[in-house]
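Quick heads-up: structures coming right below.
The same chain A turns up in both complexes below, where it pairs with chain B and then with chain C.
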Partner chain A sequence: MAELTAKSPCAGRLPLTIGAATVTEETLGPMTSIAPYRGRQADLAAALAAAHGLGWPQPNRSLTGAGVRLIWFGRDQALLTGAVADPALEDMAALADQSDAWAAVRLQGEAAEAVLARLVPVDLRRAVFAPGATLRSQLGHMPASLTRLDDHGFLILVYRSMAGTLLHDLKTAMEAAAARG
Partner chain B sequence: MRIAGKGLLDRSKPVAFRFDGVRYEGLEGDTLASALLANGVRLMGRSFKYHRPRGVLSAGSEEPNALVTIGRGADRIPNTRATVQEIFSGLDAVSQNRWPSLAVDLLGLNDLAAPFLGAGFYYKTFMWPAAFWEKLYEPAIRRAAGLGALSGQADGDVYDRAYAFCDLLVIGAGPAGLMAALVAGRAGADVILADEDARMGGRLLSETGAVGEEAGVSWAGEVLAELESLPNVRLMRRTTVVGPYDQGTFGALERLGHHLPHRGGGPLECFWRIVARRSILAAGALERPIAFRDNDRPGIMTAGAVRSYLNRWGVSPGRAVTVFGNNDDAHRTARDLVDAGVHVAGLIDSRHDAPQSDLFPVYRGAQVCGSAGRRGLENITIRSIAGEDRLQTDCLAVSGGWNPSLHLTCHMNTRPHWREDIAAFVPAPGAVPGLSAAGACNGTFSTAGCLREGAAAARAALEDLGRTAPPVVVPEAEDDPYRITPLWAVAGRGRAWLDFQNDVTVKDVKQAAAENFRSVEHMKRYTTQGMATDQGKSSNVAALAVLADVTGRSIPETGATGFRPPYSPVAIAALGAGGSGKGFAPERQTTSHAASLDRGAPMIEAGLWYRPSFFPAPGEKTWRQSCDREVRMVREAVGICDVSTLGKIDIQGPDAARLLDFVYTNGFGSLQVGRVRYGLMLREDGYVMDDGTTARLADQQYLMTTTTAAAGDVMRHLEFVTQGLHPDWDVRLISVTEQWAQFAVAGPWARALLNGLLDAPLADGDWPFMACGEVSVMGVAGRLFRISFSGEHAYELAVPARYGEALFRELVARAEGLGGGPYGMEALNVLRIEKGLITHAEIDGRTTAFDLGLGRMLSSKKDFIGKTLAQRPGLLAADRQRLVGLKPVGAVKLITAGAHLFAAEAEPLRANDQGWVSSTAFSPTLGHQIALGFLSRGPERLGEVVKMVDHLRGVETLCEVVAPVFFDPEGGRARG
Partner chain C sequence: MRISCPLCGPRDRREFYYRGAAVALQRPAADAGEDAWQAYVFLRDNPAGVTRDLWYHAQGCGAWLVVTRDTASHEILATELAAEVAS
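Showing the complex of A and B:
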């Protein structure tokens, strides 16, 4: 029997480089939302440490371990990427597979901050939003998750269905940033 | 005329441009105003109402007179101030508000009719008949009085928008602003220094005084060079901070392309939202004229503007200049002109104790009481104790004193304070949280004072920010006292202009007071003083001083009108930057989007989603042909439809079932694992909010489905319930809409199709109607739901979204092998209307479960949101308009959505309205039009004939009232 072919959200549309910024599609592997049940936060943090080598992230922070990343994702919620969540976590938290729900791109380059300054109404200066910092905000008109990976690199997640608009908005902002020379 | 050896421009860089079609040459760095003055052009515009010839009054963005249109065609920009527009090679500027030309303006006849056109004229004259105002008077008046016009075509320019964040925003880069930025910049704070001018330096560019050991201009250059070198300082030139907003946010307009001959696709403007922890207003001051008879003649301008043109642009606006003032600062203009070799015919100072000079004649205790000249100033009349005297002059530099540029401190509704010693308003402290004013905008007019205040404001801000101020030496500079004796208007006959842009005179203000519009706000509306695009920057204080005088009150008693954002005009295109075209709203595309487009399917918007309307087959010419075929296909074979857009909410936790029981009207506690139930959700007010199915996937895990339209609303509703009403419940929610691509497989061959696809065929009996469970689809873990929105034996098959496109193509190919294929929104709609199933056409926010015939779904065994208010007598009244089916029975067979229903014999008038049609379709299954609608006492009237009238489309159809389920009312097909 034939197989179903998998297609990534930005397939065939990236990479894109304009000026001093480049967008590439980021392959994060399995993605699981984790929401601790009442009173189980401490147990969950311990279980996460045991299973994935990560604790529970503070609001607006992300944690990274060997191939895995745990991104604060909202009130009482985090997104584990890079590994299938340990089934043992199910006792302490609601888990939901989100591996296909998000378009993930990496915006990299000297102009990355200038590009995002056109789309995200939040202070992203390096001193305020350091590597590892994350937030849920809007990017253009889209709900987004934004994480700083390094000095000039950001991980951007938007709903998979909005991948086209994400790339449109990024391209427009990259052109505007590049026009400044 | 250009003066040798003066100005900051490079004489070796000529720039050619056009004004009203005539070619002129200026220098790089010229504004349109300075370049025209250098060419001896004084007449630059016609006034708004009387079409009086006007020249420049100022040298900055406050300019009320010299408004021009830049460029031609679609992208032309009207109402550009010639004092702000930098010239560039190829600049094409055109004057406004004149016909046929600036020199010969036939509408100048308005000026002859001036005795009839004073303040209040329109209100009094065009009262009757009422209908004439809109149709005749207003258009005629607007044609005669006005500003420049847009092209009427779409704006092809690119506009940018951006956010910026800083510790300290410094507004204005004159001596105070530069000093503040230097202190804060050296302290390491993140500083943004914004200035509306192309060149930073403020008044230092226009004055000849020294700062420290060097010329003010050189000092400014050195400071700017240092600021440029600091990584924590951002200099924003050509950037006007237009208004302060909450929490330290400022709007700012950066002009990027107005001075460039070729923009190369780059943006014209960028609208910034700057968030600053602290801010310093260092916006300087604006000089005010003195009103006297015919003080609007081209050649009459402010004394500070004359110094700017001379010292910055190397232009003398006249050959024999006179100066008229009431303060010491005016004398500086005369001295600078003499220094530059320009003849000063005289300085008229209204003060008897004015300083004398041996460089030029000083007329102490005298006033200018009139001017004469054709299209430009030729002479002035001077009145003193000795009588009246005429003086030949082609430029009169006027100074009535300076008004601090405190506009931004008024934008949050704080009124400024009056300072008697400088006869001016100053900002009220604390008017904008986090903002302090420094320098001239704070009423400190000497250069040394500005430098000191700038440094002090920066030190205070640094302390607030928890930073240590570096040792910075404030340089020495001119520290002359500012001596002024107020003079607002020179008494006498004739028209003395206060507001140049709206043509308001001293007489108009007096007339307002005479008619008892004595409040400054009433005077403003009555005369329109201060209501032009310059917001009365040059006229407000003088106008209210005249009002105070005529009403016998002091200026503080009279009060001041405020200012509103923006400080200077901002194009709507800049405010809306990023929001045009595809930037207007995100597009949500399903995983089958490309495959649907491949089949030529037109897309229809459902919220932000794009869904296929229908899939045209070869030979089909209309949507109806495709739709009818797709409906028959589902009824007779099998159809595939992407239903991924429906909201999917994963609900887990020990209290998940309690939540469902609380938000749905019907019970969910008894739902078994592996089963799906239809649920109805009410708003708190008892009306229907949404409907959908919820599946129990595991003991403590449910999957709720919402309509496409209400997915966000339902999620927000559930968050409100779990966070606000029942934070004690242990339940977790997350949207999984995007995780799953989900397809309806509907029709008699649905199971056969699936069995060819699933790794384990569906066993008879294992998958009854409303069953759900996990399946393996060609090796991929998926979910299957036996639910039906078409009334057929149907399933919805979900797989992770990455496989969506492949699965859709596979399903469609297999369906086609069985005589079926894909179907779109049109067919989906027909199928559900045939079955009497509701959508948001019926759940429109005004209907109840009772109206929809779903009253029995309101459980009596439990509490749920909306239960109490749904029991209100009015929501259960027998004569409410309730859901029925309709089919045509007369000669006319058409039923239209939105049409209204009347008794068969009744006049189709509002008073006789009995209901309306919510959904309609041609049913290929039944061979005639069918509809759903709401009819008063509807369910009691089955079999009755009613009259449908569509007043908009002119359709009248007799309809029989029938049950809302047209097809297979027993539901055997879906269950079988």
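Showing the complex of A and C:
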């Protein structure tokens, strides 16, 4: 058998620092999308609390626990990262392994908001998009998931096939933001 | 133009896909007869005023919305989750 080496979506292309913003690749571990079956939302929230210590996230919110993160990912959908989803959840929700499906990067720095303001048609300033807030929108022309991690840091997820485009768009916006000074 | 998604909040129009009149939520029964199906499939009002459309929040939360808007003033009067309107 050939020994295959897993390659991350942004391997060899990160980190990247331009001006007051840095992009690094995030390793989130196992990723599972969770979509509750009709009428099972309450049961699912209880099962999530028992298995992973997290409830069901409100729209546009993410929850963090011990090594795990649960990101609201759309209508009646959330993404669990950092742990393999407990099989007990399968009774209440459709689970789908997404571990290799997404490119995950962290955009960090004083200029992070200015960079994203050029790419995302939503107000992402700290006052209205606080740590823990998340949303689904578009970054350039790509569907994306954005989560604020701290005062100057964002987690960005796009389809893995678009990793190159994501980095190109981020680089262009970072150069433009840096040129403004 | 912005549409307020009930889940995501106010979003740019480019995040949405336009489907058409919100008649899909009133699908006739299979045996409703030719007239009902003719009206459902082909006949549409074209009001200079209030209309109800289906929009899909494709680049956002993935929800179908019923948007009530005024074609004359471009005012958006209401947005609802289609799942809640239909149920």
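Definition applied: the second predicted complex is superposed on the first by the 181 of 181 C-alpha atoms of A that agree within 3 Å, B and C clash if a C-alpha of one lies under 4 Å from a C-alpha of the other, contacts with A are read in each partner's own complex, and residues count from 1 in each chain.
One rule holds in what follows: a contact is a pair of C-beta atoms (placed from the backbone, for glycine too) under 8 Å apart; a residue touches a chain by one contact, two chains touch by 3 or more.
Being a predicted model, the structure only gives us computed values, none of them experimental.
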Who touches more of chain A, chain B or chain C? B
For A:P121, decide between first (touching chain B), second (touching chain C), both and neither. both
Report for A:A130: first if it touches chain B alone, second if chain C alone, otherwise both or neither. neither
Looking at A:Y159, would you say it contacts chain B, chain C, both, or neither? Reply first, second, both or neither. first
One more residue to check, A:A49. First (chain B), second (chain C), both or neither? neither
With the two complexes superposed on chain A, say which partner A:Y37 touches: chain B (first), chain C (second), both, or neither. first
Please work out whether A:A6 is in contact with chain B alone, chain C alone, both, or neither, and reply first, second, both or neither. first
Touch test for A:Q77: chain B only (first), chain C only (second), both, or neither? both
In the superposed arrangement, which partner chain does A:W102 touch: chain B (first), chain C (second), both, or neither? first
Can you list the residues of chain A that touch chain B in one structure and chain C in the other? 75, 77, 121-122
Per the touch rule above, chain A residues touching chain C in the complex are 59-60, 74-75, 77, 121-122, 135-138, 143
What part of chain A is in contact with chain B in the complex they form? 1-9, 33, 35, 37-38, 75-77, 93-94, 96-102, 114, 117-118, 120-125, 127-128, 140-142, 159-165, 168-169, 172, 175-176, 179
Show which residues of chain B lie in contact with chain A when the two form their complex. 158, 160-165, 190, 256, 264-267, 270, 273, 275, 578, 582-583, 585-591, 609, 650, 652-654, 723, 730, 732, 734, 736-740, 777-780, 799-807, 810
Chain A partner contacts - residues on chain C that touch it in the complex: 7-9, 11-12, 14-15, 58-63, 81, 83
